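The structure is given below, and queries will be raised subsequently.
Labels A, B, C and D are assigned to the chains in the order they are written; within every chain, residues are numbered from 1.
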Amino acid sequence: MLAQLLGSAADGIVVAAILAVAAMGFTLQFSLTNVLNLSFGSVMTIGAFTAYLVNVAGLSPWLGLALGTVAGALATVLLGRGVLRLYARRRTQLFEMMMVTLGMSLVIDYGIQAISQNAIYGYTVLQGSPIRMGPIAVTPIQVGIIGIALVLLVAVEAALHLTKLGKALRATAVEPSLARSCGIKTSRVVLVTWLVSGGLCGLAGVVYIISTQSVDYTTGELFLPLIIAAAILGGVGSLRGAVVASLVMGLVTEIVAGFGGAAYSTVAGFAILVVVLLLHPGAVFGGAEDRQLVL
Amino acid sequence: MSGPMALGAVDPQVVPTPGAPVLEARDVAVGYGGVRAVDGVSLAVYPGEVVGIIGPNGAGKSSFLGALGGQVKRSRGHILLGSRDISQLPPHERARLGLVRTFQTTSEFARMTVFENLVTAAEGDSGASLKAVILHPRRTHLREQELSERAFGIMERFEMTHTADLYGRELSGGQRRLVEIMRCLVRHPQVLLLDEPMVGVAPHLTGKLIDDLRGIAADGLGILVVEHALEVVRRLCDRVVVMAFGKVIAAGEFEEVVADPQVQAAYLS
Amino acid sequence: MEGGSDVGAWSFYITTLLVYFVVDALSAFSLNLQFGYAGVVNFGFIVFQAAGAYVAAVVTLGPSGGQASFQQYILGSHLPFPLELLAATLAGAVLSLVVGLFALRRMRRDYQAAVLLIVSLIALQVVSADVPLFNGSNGLTGVTWPFGQLFGATATGSPFLYLGYAAIIGLLVCLGVIWLSRSPWGRSLRAMRDHEDAASAMGLNITSLRLQVFVLGGAIAGLSGGLLVEYIGAWSPGAWGYAETFVIFTAIFVGGVGNYRGVLVGTLLVPIIFLEIPRFLPAVGYPGLTDSLEWVVVGLAWMLCLLFRPRGIIPERRLKASLHGSPREPAPAEGSA
Amino acid sequence: MQARKLMVAVALAALSTLVAACGSTASSGKKGSLVVAGVIAITGTSSFEGSNQSEGVLPALYEINHAGGVLGHQLVYKGVDTRGDPADALPAVQQLLATTSNLVAVAGPGTASAPTIVPVLNSAKIPMTAVAGESAYDQSHYQYFWRLFPPDSANGTAMALWAQRKHYTRVAAVFGSDAGSQGDLPGVLASLQAMHIQVVANISLTPDQSSYQSSVSQLIQAHPDVIMTESDAGTAGTFFGELKSLGGLVPIIGTEATYTTPWLTAVQNAIGPTDFHQYFTSLITAPSKPTAAVTAWNDAVKGAAHQLPVSVNSAENNPFAITYYDGIITLALAMVAAKSTTPSVYNNYIPKVADPGPGKTVVYNFAQGVKALNAGKQIEYFGATGLIDFNKYHNSFGNQEAVTLSASGKTVSLGQVSVAAIEAVPVKGVA
């Protein structure tokens, strides 16, 4: 019983690490732009397929990790600058913006489906033999993933609080018009946010398929609800919140799965969000309607 | 409020006793996560009276108005409409009892015509009820006609009849303010809370709006108005309350209040 | 089961599309009431249709044979017409009440949409995984039309009759929705959609209104599910993926948000004509390429609509004051007391 | 008013598109060619069904057309996508029936859409060779329904018999929670129960999870000595990969559905070819021995290679493909025997060209069959899947064979489970 619990908890931390990378990216761009970006999962898929192609080309999987990150960043900038701005110019409202991102995700996902011939591709790189500690067994790459998540958290937090750009970003997220009048170039801040969050998103895609060992056009789309749930749960805009929420979600899903309810594991993760909503609507309530679009 | 047009029963407790205030705030406080936006404000508004709230930015005026209307959660104090304590009631119930308000940013229903804006407000207990609409179509129809007449009556009074079929979003800023005020009047309010009603109103129309509001008050309403333009406040209000840092720092007639050195200090800081 | 369908293949096909049109129109009307009028973004819409379909199926399939039989389910019984449709309607309503009580709490609209989308995913996973509930991912089969015995055929065995039956129910409900939308209640919904705070400051009970429209829409969704399942005879998680909700949303966007005529046009264009045309196109590339591209086009259409015609082909109609039978002659100016 | 005009215009435009489109479809294809439609999930979560089908039907059509076609007509394949959902399948099939006057046979429908589609095709009098394992069709009364495919329970019983032969006593059932996989689970469980073999773990895998580590550790702690399994390829890859990396690999017996390229590739990639060869067995419908029919099948696959979605090798070893192939060859021979391509006429000849009987000439491919029929003989088509013998419910299923994949990707036979042995197991609970 305890062994099972410990084993599941270890798995949960691994899942949490993947979730955390994605949730950090999501919350970063969401807190700044206020667009609930439903194409985030599709960009994850782009990152994942990039890593897969690198692998097929026979290059180092670490290069795949790097190029997946770059692909995610570029795709996000392209979508943010190329597409979303078009709508922003036509004064599309926040909510309609979310609808636009949904349309984008349909186009990207099914575009990838068309190109990938709707097939599932195996991605079995970087697997190693497990390290055992009693009931806990983790592979080196899983330890690596946890490490990557922690390093990213520290790095992004530090950048937000220590660099000038990071401070500008936080200021813009809180009060865009005020930031603008203080001489902050919001457009540059937004660009950087697209780059960083897109990079995190692409990286999350690669890390995700390293763990699942396969990639297809639904890869990101299936993971997205968990990301959104973690971001909302963590209190939008807070990186640490996103990480803690990811940890909670990861532990709960894996422990539920470990105790026989594999089918209910994701449901349990969402159930947490629902409970939080019921008990503490304030957690997701902040700012209500008067947020503005920043692009 | 027992005219032929009155819709819905008025709570007898809400009808003010002669000489008593129609709206009273006792020690109302509002806190946002540690910050006290409103810190123990008490005031009273009497029927037929226009009370102005002035004060520098961030004084807590809008938060106070929100607490009165129920949009903002109050952390302390009581709010009385007539002799009834409405502190615990949600906004729509306060409105049904006769406390209505406008908002700092105009809040017209943008994709509804001016006429619809007006009649919607008056619904309260009839149109908002699915049951009444389904089970009593005849009664609903008659009520609709009453409302329609009433809405046109009010539009006449404000010379807005020509805009009846325009969408809220098609109006000018000043017209939007008027729609908000007209919409409030359709409800037969006891108290009208106005949050910066002159913003966006063309200068040559402010005079007329002031006269209109004074006329409304003369009908027996209490009006509480938050306003920045001191000239407007001077012409519109019977009494003025000055707020700064969430507290009332002065109250009285306009001229004596603006002369108060404490008030001048607050404005200058 | 053997229905001797004598109707020509073409009319059979068109009839099926028309039955689907009725079901889609019901869905679109219900969603338009929620979204176009009340501003509630129900991204979990398809769940309520599914609930109706499942309930209509199990209350007509008879008691379940349990684990030993090839399908197992709860609530098995033999309800006669029209109780099975009522049960479906009720199922949609009750489920939306339960979901509405937490999902409709006051929050940002995009959060709300996300939460409802998540509800949709949860429901799909629970039903797929929990076999004793509605036979898991295999779904239920063998559902018949209540008048099947009477006409000696299944719904697909006498498609014209079924179309007539569905069309009458659909027409009545759609007219009802239109009537409600134009009533003072519908006006209150629009006020809530346009400015929630102002609507409540004018005395509208937002919480209650939102729940009302959610439950009413859920009931109609349940009914549409019941009508659909009695026609196709089977229902499984494959039929109610969350993407189905977006097809209906696209129909509303394309046709015209808040305008029922537009919604009808959209329903004809998107889920019917647009999704059927690819069947007539010669196959290109590998099998399935056309299908992928079809969804790419749905996405593009969705985005282009939002860019160029955010209010749809036929935008919401302006309700002139004269429509309310109001007096245009100057009425005596009336004070506030 | 404008709205109404617009609506009319839209409706007219739509109608004209429809008419134009169906006009073009009707005239497509060569003159005199006949259509064999594949009613199957081509997209969606069950899209592998579509691949399985075209891998079998296309070689069959290649063989038939190269032997001169059916009574001078060439056969063409037309895929009809059901998306694995009855609601999508219904209009798709009706559109097919409405626009395809030269439709002679249907391959399919698959499991998910069969309950809705079988009655429709039956009313339209189109013979179908269904690959739907549902036990509901074990006693089918549909006149145009033909199944050369074992019911799900038969495959499960064969797996249990194989486990018994290998002296496995502790079985772990690991099945995906998707429709296809769950369909096969009851047959496996009921057969194990009937043979008193202990099930130490029954694990359900929800497809597309990021990790199955918890399920893996659950499995390892149950200490099974064999795993019986079916799931989609991606899920299996993840699961068995994690099982191996946590050191829990034990022998695996897969259902027939696991013996398809995507699944085999995914799991082989995940655990490596050596381990795969050592641990994996699948029970598939199989010929009793390599026959001329198998040679014909292999030739047909090679001939149709450029049209196939997968490599020749994986198509050759795909049991579903072989089943489809046999079904189409049988139907085509029935047309020749009936001297008619009219579905309602040749339907009655289907058992006549397949079932064994005294004095019948055994044929192993289409050309042989045509030759024998033209010579006035009665024939028995012995298929690539072995003996075809339809019972009164239009069901035919043969022996099951235990196979594995060699490291070089060739099918290696490990032994046989006979129909007689399968039928001797008193499986209860699966109707």
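Heads up, the rule we're going with is that a contact is a pair of C-beta atoms (placed from the backbone, for glycine too) under 8 Å apart; a residue touches a chain by one contact, two chains touch by 3 or more.
Computed from a predicted structure; not experimentally measured.
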| item | value |
| --- | --- |
| Chains touching both subunit A and subunit B, listed by label | C |
| Furthest chain, CA centroid comparison against subunit B | D |
| Chain nearest the overall Cα centroid | C |
| Inter-centroid spacing, subunit D versus subunit A (mean Cα positions, whole Å) | 39 |
| Centre-to-centre distance between subunit D and subunit B (centres being mean Cα positions), rounded to whole Å | 73 |
| Chain centre separation (subunit A, subunit C; CA means) in Å | 32 |
| Whole-Å separation of chain centres (CA-atom averages), subunit C against subunit D | 35 |
| Subunit B, residues touching no fewer than two other chains | none |
| Contacts with two or more other chains, residues of subunit C listed in rising order | 125, 128-129, 286, 288, 292 |
| Residue list for subunit A, restricted to those that touch at least two other chains | 117-118, 263, 266 |
| Chains touching one another, given as label pairs in label order | A-C, A-D, B-C, C-D |
| Subunit C to subunit A touching residues, read off their complex | 41, 102-103, 105-111, 113-115, 117-118, 121-122, 125-126, 128-130, 196, 246, 249, 253, 286, 288-289, 292-296, 298-300, 302-303, 306-307, 310 |
| Of subunit D, residues touching subunit C in the complex | 3-4, 6-7, 10-11, 14, 17-18, 21-22, 24-25, 28, 42-47, 50-51, 54, 78-81, 83-88, 90-92, 94-95, 97-99, 111-113, 115-116, 119-120, 122-124, 134-136, 141-142, 177-179, 182-183, 186, 204, 206, 309, 428-431 |
| Contact set on subunit B toward subunit C in their complex | 1, 3, 5, 69-71, 90-93, 95-96, 100-101, 103, 107-113, 115-117, 119-121, 123-130, 133-134, 140, 143-145, 148-154, 156-157, 161, 164-165, 167-168, 180, 183-185, 187-189, 216, 219-221 |
| Residues of subunit D touching subunit A in the complex | 43, 47, 177, 203-206, 208-215, 217-218, 221, 232-234, 237-238, 241, 245-247, 262, 265-266, 269-270, 309 |
| In the complex, subunit A residues that touch subunit D | 3-4, 7-8, 11, 14-15, 18, 117-120, 122, 124, 127-130, 135, 137, 139, 208, 211-214, 216, 218, 222-223, 254-255, 257-258, 260, 262-263, 265-266 |
